[in-house]
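After the structure tokens below, expect a handful of questions from me.
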């Protein structure tokens, strides 16, 4: 009889545990959607974005998930491939929203972000669109449930130009990738560099996605005797461009558009040897960021995903932490507007939790400084962090106070039109 | 002038690749009448197989090249047997769909096995030298020499071996060849083997200079297709000449005109040529 | 003359009613989205079937004409012109371009025609990506307005923001397309298309102006493709070069061939079945396209006549089996 | 009726047809004969617009037809059948006939799309004519069948029907009995006689001498691309050049 009771008690326990799991009272899941290129030419880029999210979700879940109105949630990343096809992206988003119940969906390409911004405000099927695209065109579309993750590329244009000018570089030649992003970069750089007084001696774009030989464009560009080359597209072909330019006898420096990563090129294309690159200005080496967690982050990332860490991964990682905290602050995992509104309350982030702490949010843009790295004489040099949204010296100083400092980092002010905070 | 020479050199190197890739395709299209749209993807796979032998197994460049050639040759036979032979009596458009299926398969295969990131093979001949004021990479020179050797070798094979002449006979008159007791299936298999092996050689030579990516075959395949049509289906001189012309046009176009529109000139030229001469420059009267 | 048995007619009626009532029972937005896109694809695919399936001319520029329609509507509606004007105007532009391309291109035959049209398709795709002033470059055009609301006498004003309204709009165009194609194909005029596909020298010899007939088929197909493209642009709300690319052409081609070439229902079935299969395969993750590629090869080998051909074969088998049973 | 004036065709350096002239009179059966490779089919192809003559002209009445496209020549009342039986073999018998009648109707794109009253009229007219001609060639009850189900002879009859359906003034028949056995040949011969009785001029190419001699009103003989004789069957039988060309007297075959 006593035994029976014991068995019955245990059964009851198991059953109640089961019912808790089933009803979700124990730990529910909040689905974070991702649609992006996972095959085709953009696959590497898409996966970098996705990996950052996956790692963030893992880390958040390991730390106990999030607590919304006393209820525990774990985050689950659900991803679909859209091959940068708008139709597929919309299908995926609809699927994520109505099948999996995702209220936050990430997408990393402007061509698919634009159509998603047409549907993410529809009543009954609204979701928070986390857009990874550095084009200011995103801000041109009015949308209450979109957040854009990276700094505007115009901030990099100005910051890179700034440093190149200091180095005494004047004559530029451009061999930038074709495509929406490359076209905008060239246009912006041409505008800014000539305004500064610099000279552009050649503009020979190349298709970094389909071409494998750039010697035609490079020969033409080098014939104009530039002091430095503005190059870039995806990192691997950019490395190839550097190698081919050196083979053609080019001795000057390189400026990399923000899509190309100097650390990736150095480590993957040149196996850690910086002598070919020699003089480079570009987006900072991830490992040289000043945040406390960066070394740990890089190590774990590269161990888990067997690929080189990238800036995209770091920013996506940090942004998901912001979203998770915002869910807690808003007290909802299902109201995109409320989540977006709460983001400002959970910022700034701290450098001991995320690799690239966000300082704030401005309308739909998350604010993070533009980090510039320099390679000179075959060695990594001091970084620069540009605050691009401060409208005046005062605002800049206030932001600067809160930031992580390090002797290897110089924080600078570089106002970028259209983003100045009141 | 130096710039011009440099561009022409680049163009010739590219043309060499185009020529040998188109050469393989024209054999398949002319002899078997199969629109093998996946030909560029065989080239891509050739690059990855070379990577496997050099990068993963650590073999030398030349042994890897030979091994790649063999592997791709076998793969070509397999592809003909599995994908195209069952479609012999069906409309060409069905073979075209099968080709699209095959290329999707090959591209995803590379993606799954080797990942989306570009891969590199160490350059066995990284030396450069100056000639007439232009910089010439040794490996680039090797591409040209390799291509010319291959073209010459293939010519000897086609004209002076029994198998080669048989292939030509089938190319000229399939029914007639069949009536004469030629085993057309065996000729098909051999042709496919040669076709994909040549693509593999092109990839092996080029891969140390370039970067491997799963989608690198798509554009090259399309260009090879266009060269074959331009030169006339089944015409070997047409494919070679077409390849070199396209290579030089592209290099000059990319260097002097806009890179964005350089393909427009190539494709536009094709439209014009075909409307003037509807069966290609070296084409037979009516296909 | 060419009449269908009564049970086939009943089946079509049932399908028609099912299509009309679809918004009532579609389970969620996701399925609805796929259905709407499939309806659009079915329009474009049916048109492609006219030129490839019925007339036997493998035009690989279909995606480009879809793109002309899409960009036409995008540019015109962004300039403030009503969708209802922009759509026919874009389709007419596509038809005009079709005439200009068709006149030289249709001089070539077989593979050569396929390649000439493919080249044209690639050129249009490059133009879409690089003529920044007109097409917005690779970013494309975004923020395209939904179709202008229409005021109907007894239904009031209809807006096209909801999926339901978009669905009916697309369905209306699909039915119109099928109706038109049905009339064209099941007639003496339509027989001339098939005559050209079947035996062009004989068609010539029996007094058919084969060139003009091919041109009519080509231009009609392009006109309809552009209509589908225009609808696409205003429904998705953004166009980029991918809406004019040759990959789109290949997709349509796959729909036509796997659905069942040269049958009206085949094109529609293909346009529905393939995207749904593709979505279903999402669970395969990285292996999805690997599997799809292999599937394509296998299906084309074992069902050379596509799904419709497969169904017909099945039907015949069943008929034979029933006959045997009766005779027993 | 139809006259051929100095027709010449060169392929590269080879002359396939050299300076051939003749006149076909209304209502007669005119035959062109000659050994294999004599240039008969080339001549035919030039008369029907499939090949452009290098030199020379073809007239129908006063109207020059050489250099015109085939469909324009058909519209002037010249119909033809090909040497190897050429049909729309993916379609039904009746479809084949209606396609061949189409040029006589106004069944164009807009008519068909809008189903105008004219469309209905023409569509019915095409059907009526097709059925009538099918009855004439003896295939009325096969109208719904697919081509591959027809016998060789039936296919030949259909090919002739296709030529006749649009009511031509003259039909050019390229070996209408090729590949048929004697019995079938006889039946086709009777059909051709029936065509002549309808007042339609016939021009045919044939190998089978016996058949030609009984059927043709006049005969032209080609050898190595040149006309070596023209005349009634009796004249031809006794023509020395013809006898030589056919290796001595085998003309009576």
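Descriptive notes on the structure:
We just call them A, B, C and D in the order they show up, numbering each chain from 1.
The rule is simple: contacts are C-beta pairs under 8 Å (C-beta built on N, C-alpha and C of every residue); 3 or more make two chains touch, one makes a residue touch a chain.
The shown structure was predicted, so the numbers you read here are calculated from the model rather than taken from an experiment.
In terms of Cα centroid distance from the overall Cα mean, chain C ranks first.
Compared on C-beta pairs in contact, B-C and A-B come out with B-C as the pair having more. The distance from the centre of chain A to the centre of chain D, with each centre set as the mean of the Cα atoms, comes to 75 Å.
Inter-chain spacing, taken between the CA centroids of chain B and chain C, is 33 Å.
Measuring from the averaged C-alpha position of chain A to that of chain B gives a distance of 38 Å.
Distance from the chain B centre to the chain D centre is 48 Å, each centre being the mean of its Cα atoms. Residue positions of chain A with contacts to 2 or more other chains are 39, 178. Residue positions of chain C touching 2 or more other chains: 129-130, 286, 288-289.
If you draw each protein chain as a dot and join the dots that touch, the picture is not a line, a loop, a star, or fully joined; it has some other shape.
Chains touching one another form the pairs A-B, A-C, B-C, C-D. The touching residues of chain B, when paired with chain A in their complex, are 2-3, 6-7, 10-11, 13-14, 107-108, 111, 115-118, 120, 128, 135, 137, 206, 209-211, 213-216, 218-219, 250-252, 254-256, 258-260. In the complex of the two chains, the chain C residues touching chain A come out as 28-30, 32-34, 37, 129-130, 132, 137-140, 142-143, 161, 232, 236-240, 242-243, 279, 282, 286, 288-289. Residues of chain D that touch chain C in their complex: 48, 50, 69-71, 74-75, 79-80, 82, 86-91, 95, 98-105, 107-109, 111-113, 115, 119, 122-123, 126-127, 162-163, 166.
Taken in their complex, chain C has these residues touching chain B: 52, 58, 104-105, 107-112, 114-116, 118-120, 122-123, 126-127, 129-130, 250, 253-254, 257-258, 261, 286-290, 292-297, 300-301, 304. Residue ranges of chain C in contact with chain D, taken from their complex: 1, 180, 183-184, 187-192, 194-195, 197-199, 201-210, 216, 220.
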